[in-house]
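To keep things clear, I will list the structure first and then write my remarks on it.
Read from first to last, the chains carry the letters A, B, C, D, E and F; within each, the first residue is number 1.
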Amino acid sequence: MGEGKIERFQKDRERLNQIVMKYGGSSIKRFFSIDSQVYGEGALPVKTKELLGLVSSLVLRCDDCVKYHIIRCHQEGLKDDELDEALAIALVVGGSITIPHLRRALEAWDELKAAE
Amino acid sequence: MGEGKIERFQKDRERLNQIVMKYGGSSIKRFFSIDSQVYGEGALPVKTKELLGLVSSLVLRCDDCVKYHIIRCHQEGLKDDELDEALAIALVVGGSITIPHLRRALEAWDELKAAE
Amino acid sequence: MGEGKIERFQKDRERLNQIVMKYGGSSIKRFFSIDSQVYGEGALPVKTKELLGLVSSLVLRCDDCVKYHIIRCHQEGLKDDELDEALAIALVVGGSITIPHLRRALEAWDELKAAE
Amino acid sequence: MGEGKIERFQKDRERLNQIVMKYGGSSIKRFFSIDSQVYGEGALPVKTKELLGLVSSLVLRCDDCVKYHIIRCHQEGLKDDELDEALAIALVVGGSITIPHLRRALEAWDELKAAE
Amino acid sequence: MGEGKIERFQKDRERLNQIVMKYGGSSIKRFFSIDSQVYGEGALPVKTKELLGLVSSLVLRCDDCVKYHIIRCHQEGLKDDELDEALAIALVVGGSITIPHLRRALEAWDELKAAE
Amino acid sequence: MGEGKIERFQKDRERLNQIVMKYGGSSIKRFFSIDSQVYGEGALPVKTKELLGLVSSLVLRCDDCVKYHIIRCHQEGLKDDELDEALAIALVVGGSITIPHLRRALEAWDELKAAE
């Protein structure tokens, strides 16, 4: 993705979140608040939680969610072999239908590694 | 979306529907006929039916379907707070995995409101 | 379902919710709170919201969720033809894969009507 | 499943279909009509169509639909190795999440073979 | 799609598969190997297996997978009416939520036919 | 679940797996082999992998898979608060539609704790 692409992804996400906040009432705002809360440090380390977010996004086949958690996993210092093992679980659980999303997940990861 | 974007979305949809009709036999054509029928006026008002189409499209995470029903809801005079409450149900039922689709739904809605 | 079966369904649900509350921390509890909030009276009437819950549960094929909303729709005075039209939308949106759930939804409805 | 279990499965299905027909209006009835039509003899043989119904039911993880198509495939004279190859595709496409349904599909098949 | 578009689709797929192979360990590589194996000639002919892949991809709504199997079905000499009947099953099983994917499947098919 | 129920669940699973092995050819057998492999010790600890299996099973709403991974997580010494945090992520990602499965997951957990 490179730093430029990541910034663009995050700016677009930010812009759209502002539209959500413009129309979203208290239920939607409360949901977004819990959505942040569950990935915070706790009994499980943040890195594990981001892996849980990544794998569940992958089996549900949500590209934007996958990309978001790939970036977060990279920020948390996830290693290549850890990522491989988590993705292998997602692939086996979710089947070949997840492969297009797996490809894009690793494309993003490859760009993040290149930009290090 | 603006009137221009809506026209383009609908023209593309129309063009692809013609390809479907070119290859589709009687079963596919009958399905398309029922698909129109269920959203017509009846015991439930059209606006409610479009909301049902919108929320079910959102929890199933189909962007094209969501955009179509957002346009139809706008045509039926849906209000901002009615939309917010319907989307909140979809978000709670379908989870954070629907958020990217919720963002695009509200982006389309915002453009429709700006073009009023 | 009959009054007996409904009571049993609701008691079992209550018993399991207590187990959820026993182990669930603040995030899970906050989620359950929003889950109640979104079906409350607002810009959209409660009956419409229950229909949104019913149809989204049906296309996502969750029997327990469907049964819960069928009971709620009945409490809100939904009429047979309104239910038919909502279920027809769910069936067309979600496809024949929803039929087993549609059958069980109408079986529950039939029992609720018989118990009136 | 044995002849007894199959009869029971089919009687229960028939009983519930009558409830669907009791409440279902013209849209639901038309849908059921198309649902029969698409599996009829045509350019593709019935056996192939039943395999398509079986595999799509399996990847969507609908036990009742899977059992129905397993019975139909057996009636159409599907062989063990043909079934194995179709199920392998479903398993690879749909992932390990389909395994509980694969187990029940083969349990039904095993009972049908034993009852031959 | 035309020959140009197909080549581009396949080149992109190839490029991304190389990234998968760069990071993928033995589990991912073994999965990809089975994913090839299940579509090979066997008790069921290759054409039937590609139809099973196409229909299961369509009900699971994976555009890339659908496009891949559409190309393979074309290579295997599938006829228009055979495709229509397989797609009708997918549409009925999966519901209107599959229509956007059905449109794109037939758009690709139409381009493949034009390029013959 | 108690030891008795767990044994029964595992015996039933074992019995059905034997039927799968009776009819399953090399592709299905290879898939089952990978399915074991991905949860083995590696760069990520087994406990983390079981959590990944649990959360992905929960968002895909597969009761048998959830129960299996709940038992495995218990064997790996997962703590109550770790489970709560993982389930909260699954609930937020997958939405209220996962609640019936969350209830049954915690019911099984509660029985495992009682049997300690």
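We take it that contacts are C-beta pairs under 8 Å (C-beta built on N, C-alpha and C of every residue); 3 or more make two chains touch, one makes a residue touch a chain.
Quantities reported herein were computed from a predicted structural model and do not represent experimental measurements.
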Where the contacts of chain A and chain E overlap, which chains show up? B, C, D, F
Distance-maximising chain from chain A - centres being C-alpha averages: D
From chain E, which chain is the farthest off, judged by mean CA positions? C
Would you kindly tell me how far, in whole Å, the mean C-alpha position of chain C lies from that of chain A? 31
If you average the CA atoms of chain B and of chain E, how many Å lie between those two points? 27
Please report how many Å separate the Cα centroid of chain B from that of chain C, as a whole number. 23
Counting only residues that touch at least 2 other chains, which ones in chain B make the list? 27, 31, 34-35, 38, 56-57, 59-60, 65, 81, 84-85, 88, 91-94, 96-97
Chain D partner contacts - residues on chain F that touch it in the complex: 13, 16-17, 19-20, 22-25, 27-28, 31, 35, 56-57, 60, 62-65
Quick check: in the complex, which residue numbers of chain A touch chain F? 34-35, 38-39, 42-44, 48-49, 51-53, 55-57, 59-60, 65, 79, 81-82, 84-86, 88-90, 92-94
Within their complex, chain E touches chain C through residues 59, 91-98
Parts of chain A lying in touch with chain C, wherever the complex brings them together: 26-27, 30-31, 33-34, 37-38
Flag every residue of chain D that touches chain F in the complex, lowest number first. 61, 80-81, 83-85, 87-88, 91-92, 96-97, 99-100, 102-104, 106-107, 109-110
